[in-house]
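Just so it is clear, A, B, C and D label the chains in written order, and each chain counts residues from 1 on its own.
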Amino acid sequence: MKKIALLTSGGDAPGMNAAIRAITRKAIHEGFSVYGIERGFEGIINNEIRPLHARDVGGIITTGGTILRTARYPEFKNLDVQKRAYQILQDFGIDHLIVIGGDGSQAGAESLMRLGQSTITIPCTIDNDMNGTQYTIGFDTAINTVVDAVGRIRDTSNSHERVAIIEVMGRHAGHIALQSGLASGAELVLVPEYPMPLDEVCEHINKTHQLGKEYSIILVAEGAYESGEVKEYIKNHTYFDPSLTVLGYLQRGGAPSALDAILAARMSELAIDCLVQNIDNCITGYIDGQIRAIPYEKAKHMRFGIDKQQYELISILSH
Amino acid sequence: MKKIALLTSGGDAPGMNAAIRAITRKAIHEGFSVYGIERGFEGIINNEIRPLHARDVGGIITTGGTILRTARYPEFKNLDVQKRAYQILQDFGIDHLIVIGGDGSQAGAESLMRLGQSTITIPCTIDNDMNGTQYTIGFDTAINTVVDAVGRIRDTSNSHERVAIIEVMGRHAGHIALQSGLASGAELVLVPEYPMPLDEVCEHINKTHQLGKEYSIILVAEGAYESGEVKEYIKNHTYFDPSLTVLGYLQRGGAPSALDAILAARMSELAIDCLVQNIDNCITGYIDGQIRAIPYEKAKHMRFGIDKQQYELISILSH
Amino acid sequence: MKKIALLTSGGDAPGMNAAIRAITRKAIHEGFSVYGIERGFEGIINNEIRPLHARDVGGIITTGGTILRTARYPEFKNLDVQKRAYQILQDFGIDHLIVIGGDGSQAGAESLMRLGQSTITIPCTIDNDMNGTQYTIGFDTAINTVVDAVGRIRDTSNSHERVAIIEVMGRHAGHIALQSGLASGAELVLVPEYPMPLDEVCEHINKTHQLGKEYSIILVAEGAYESGEVKEYIKNHTYFDPSLTVLGYLQRGGAPSALDAILAARMSELAIDCLVQNIDNCITGYIDGQIRAIPYEKAKHMRFGIDKQQYELISILSH
Amino acid sequence: MKKIALLTSGGDAPGMNAAIRAITRKAIHEGFSVYGIERGFEGIINNEIRPLHARDVGGIITTGGTILRTARYPEFKNLDVQKRAYQILQDFGIDHLIVIGGDGSQAGAESLMRLGQSTITIPCTIDNDMNGTQYTIGFDTAINTVVDAVGRIRDTSNSHERVAIIEVMGRHAGHIALQSGLASGAELVLVPEYPMPLDEVCEHINKTHQLGKEYSIILVAEGAYESGEVKEYIKNHTYFDPSLTVLGYLQRGGAPSALDAILAARMSELAIDCLVQNIDNCITGYIDGQIRAIPYEKAKHMRFGIDKQQYELISILSH
C-alpha cells in the first residue's frame, strides 16, 4: 500500500482543514495509507509523523486554522536540512508528500523534489499571490472577513462623517485590498502595484466629498503604504481627520467560506487523482474556471497580477 | 443623452442592489442618464419609472433584496401586454433596458427585444440555473447561508446523534444542494438530476453509521423529493428518526457575499461597456473564469448542469 | 478527593460546552475530581462515565452542541431505573451530580435527590421556560439566530412586498417569539400565552398595510398555532398570500453568544462554590440581575411568564 | 400637541437606530409630535431639526450607526453655547429633549436641564461605563464583535502556537475586556482597574504554557497598557513572540445584538412613559434586571465598576 504524507506550512489560511479532510478521505478511498506531519517542514525533521484515518478528520471541514499546526522554518533553505528531511521521509516509506500552503511552502516542496521526493502542492494562502493559479484557498474567506469589517467601520464612519483608513494584508500584492474594495464599495484602494502619491489620495478624498459623500473608506494594502503615514498625511493636508483600523490577524482565521471549502475538496481530489496516474511535482492550479495540475516548472511562468480594469472600476463606482 | 432603464424581476437574490448601484454609476460615468423601474415588468405597465442618480444608490451595496422591488408578472407572457410595455418604454425614450434576474426575467427581456427594444440581462438568481452562464449572482451568498445553517443543525444532530434532513431550494437543478453539500461535508445530497430511490438512501445512511459516524446530514433539493416523505421513509425503514428542517426563504436574503458583490460590479460594467459599443440583447455570462457578452440566441445552447464528478465526490468524502 | 459528575440532558442548547468547561476547571481548582457522563441520564445506566481533565475541555467554549452528547430518556421516570442510576453513581463514588439542561433534566436531578444523591441543576435550554430563574443559558443565542433569520426573510419580503410568517420554537411559552419579535421589529407575534383569533390577525395585517407598510413579519410560536394554518387563513381572508418559513432546529445550534458563554461561566462557578459550602439540590437561577442558588422546592413556586407590557410594546412599535 | 426632540451624541453605538425608532413610534402613539436633531448638540446650534414620522424610522432597527448622525462637540461646555441651544429649542417649541449617548452626552443634557429644559438620557455607549445604570445599549453587540474576532485570531494562534495580544476599547473601564475575555475563554485580561506589572504577565504566560496550552490569548483594554509595549515586553522577557491586533473601530459598528435592540425598545418606552407622567431629567437605567428612571442627581452616586470575582474567574477558568 502506497503512503502519502501531508503537511501544512507557512501562514495558515481558512480551508486548510477542509483540504486535510479531503486529501485523507480521497486518498484512503484510492487505496493509499495517509500520514499527517505536524508543524510543517520542521515536523519532518522532528519525526512528528502520525497516521491519519478517515475518522481523525471528521468535524474539521468548517473549522479555521489547521489541525496539523503550521510553522515558518527558514532553516529549510539549507540543503543539509532538506537532505535530512528527504532521508526521514524515505525511512518512513513516504511515496508522496502533499504540501498545503503558499509560495514559500511550494519552494520547500520543490527542494525535496530536487532530491527525488514525489510532491504535490495545494495552493492555500489568504494572499492569492501564487504563480500557476488564479486562486488560492483562503482568499475568499479573507475578503469576506474584510468586507464584514468594512461594513462595521462604515456604520461608525457614516455616523461621524469621517474618512476611515483600513489596513489589510498584502505585502507584495493588492489582491485582498482590490477585491474587498470592489465588494464593499470602498472609495479608494491603495495597492503596491499602482503606487499613488499621497497628494493624489488627498485630492481624491476632496473630490469624493464634493460629490456629496459624507464619509469615505480607504483600503490600504500593507505593501502599499505604512497606513499610519497615510492617516497623518491626510490629516495634515485636508480638512479630514481620518480614523485608522489595522485588521491584522483577523484576516487569517474563521470558518472557510463555501467557495474555499469547495475548492479545498476539488483540489484535493485532483491531487490524489494525479498521484494515482503517476503525475506529481505540480500545483493544483485554478485556471480559467478549471482546476488543473500545473507542473512547478510551468507554474513559474504563469503569473497572475491584479486586474487593472477592476482597479479602475473602483474609482468609477465610487462616484 | 441616451437613456438606460433598469429593473429587477422574479425572485430576488443577494447582489441585486450591488448591480443596481454599479449599473447606475457606470452608466452615468459613460454619459447615459439612468431610470429605475419599480416592481419588474409590471412596473413598466404601471409607469413606475423614475430617474436614478449616483447618490440614490449609495449605501446599498451590502444590502439584501432590491430597492427597486421585484414581482412575478405572468401576464407578461401575453403579447398585447408586451406591446404595451414596449410602447411605454418608447414614450419614455428608453434606449436600452437592463433586466436583472433569472431565466423568466430574461424571457421577458427577449420578448421586448423581439418588438425592437434593445436589452441586456444580468444573470441574478440564487438557483444558478441559467443558460449562457456558469454562475448567477446570488448563488454564492445562498450556499454560504445554507452552509451556516447546516453548521448549526450539525451541532444539535451531533449532540443527539441524529440523522438531519435539510431541504434547500432547487426545483429543477441541484446546484445549491450539491455545492453547499460539498462545502459543509454533508453525508448525502439528493438532487433532481440524479434520482436516488429511497431504499438506497436508507442503505447509505446505514453504511455511514457502520463506519462509526454518530450523525449524518442529508441535503434535499426541493425538486428531488418532498422532504417530509424522505423523513417518513427513513423513519419507517431504518432505526433512525430523522429531524427535518426546511430552510425556505432564508436562502434568498442577506448581505451579498464578496463574490456576489464583485460579480455584480463586473457584470454591470460589461453591460454598460457593451451598450457603449452598440452590443446588446445578450446576457453577461460567466464562462470559464471570464465575464462575456453572450447573445440570447447563443446562450440558449449553452447549458451547464451540475457536475457529476462533484456529485460523486460528496460520497467519497463522507466516508 | 471528592468526586463531581456532570451530564447534559434533554434538548441541547448553545452554552452547554461553555458550562462543561467552566464546571470542570472550577471544580478542579477547588480540589474536586471531575467525571463526565455521556448521553444524559441514560449514560448513567450504561456506565458511560469517564474522567474529565482541564485539557479535555480546551477549545470548546465557543462550540455549539455538547461534547458529552445528550439524549431524551423517558424511561428515567421509572423509579426502578432511578434507583439503578443512583446505585451506579454510588458505586462510582460520585459525591455530587451536576445536571445541565431544562426542566425535564431538573426533574431527573430531583428524582435522584429523593434517593439521596446530592445534585445541582444549571438551567440550560433555548426556551427560557424554567421555574426558579428568569434566564436559561442558550436563550440569547437562540433569539440572535432568529433575529438574523428574520433579517434575511425581511430582505426578500420587502422586495416582494409580502407578508412573511416565521415559525419559531416555544411549545408552552412565547419567550423566543416575543423577544426576537421585539429585537427584529416584527409586526406581530403569536404566543400561547395570549391567544389571538385568526380574524384579528387578519385585521392587524390589513391595518398595518394601511399605514403604508409594504410588507410585514409575523412570528408564530409553535405552541400558539400550527403555522401552516395561519398561512392558509390569511390567504383565504385577506388580499395577501404569505410566505412561510419554519426555523426549526436552526435555533438549537451555533456558537454561544457572549451572554450565554458568560452566564455559563458564572453559573458554573456558583454551582461549585455551593458544593464547597455543602449547599446542593438547587438550581443556579438568574433573578433580578443576580445569580443565586434557588432550592428546587422554592424554584417550583418562582414562575416567570412572558411580560405583557413587552408583548403590547411590539404592537405599539410596529405602527 | 407636545413636542419631543431627540438626538444622538458622542461615539456611536449599535442600537442607537433601534432607540430612535422606538422613541419616535412610542411618542407618536402617546400623542407627541417628534423631531430629530442632526449631529448631536451641534445640530441644535445649526438648527438642524426636522420632523420624524413613524415611516421615517422604518427598516432601521437592525442597522448600525445612527441615522441622525452624531458628533463630538466640545464647545458645548461653554455656557453661552448652552444658552443659545436652549433658546433655539424654546423657539422650536420643544417640550422635552431626549439624548441618546454616553456620559458626555448626559452632561450635555444636564447642562440644558440647568437652564430649564426638560430632558431624558438613554444610556447608549459600547463602553458600559455610565453611572446610574449597570448596562448601556451597544455593549452587548461590542462584546459579541470582540468574541467573534478573538475566535478568528484563536484559529491562527492555535495553528502557529503563538501568544496573541488583542487590544480592545476601554480607556477608563475594563468592561469590554473583562466580559469578552470571560465569553471567549481568554487566558488573561489586562484592565485599568487592576494594574498588573508586565513581569507578572510574563509569569502568567509561562505558567499557562507549562500547563500544556500551546497558545494563549491576552485581551488588553486600551486604558490598561499601550498594547505595543506589552508585545515588546513579552518578546524580550519570555520565549514567546506575540502577535498584536488592535480591534479599533470595528467594535463600534454592526447590527445591534438582540439584547441591545430589546433594551433600546424598552428604555425608549420608559422614557416616553416618564414624560407622559411628567417625570424627566433622569437616565433610563438598568438596575438589577429592571429598567428604571434614575434622576441625574441620584445616578451620580450609583457607580458600577467591573466585578472582581469575574476578573478572578478568568484566571481560574484559563487553567
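One rule holds in what follows: contacts are C-beta pairs under 8 Å (C-beta built on N, C-alpha and C of every residue); 3 or more make two chains touch, one makes a residue touch a chain.
Since we're looking at a predicted model, the values are computed, not measured.
J.: Using the touch definition up top, find the fewest steps from chain A to chain C.
T.: The fewest steps needed to get from chain A to chain C is 2.
J.: Taking each chain's centre as the mean of its C-alpha atoms, which one ends up farthest from the centre of chain A?
T.: C
J.: Just give me the whole-number Å value for how far the CA centre of chain B lies from that of chain D.
T.: 40
J.: Could you work out how far the Cα centre of chain C sits from that of chain D, in whole Å?
T.: Chain C and chain D have C-alpha centres separated by 28 Å.
J.: Can you check how far apart chain B and chain C are, centre to centre, with Cα atoms defining each centre and the answer in Å?
T.: The answer is 35 Å.
J.: Chain D: which residues touch two or more other chains?
T.: Expected reply: 151, 158.
J.: Chain contact graph: line, ring, star, complete or other?
T.: ring
J.: Where on chain D is chain A touching in the complex?
T.: Spelled out, the residues of chain D in touch with chain A are 8, 11-12, 14, 16, 63-66, 69-71, 145, 149, 151-161, 164, 214, 243-250, 252-254.
J.: Which chain A residues qualify as touching chain B in the complex?
T.: Contact set of chain A toward chain B: 21-22, 25-26, 28-29, 54-55, 58-59, 61-62, 134, 140, 143-144, 146-147, 151, 158, 179-180, 182-185, 211-213, 255-259, 261-262, 265-266, 269, 287-290, 309-310, 313, 316-319.
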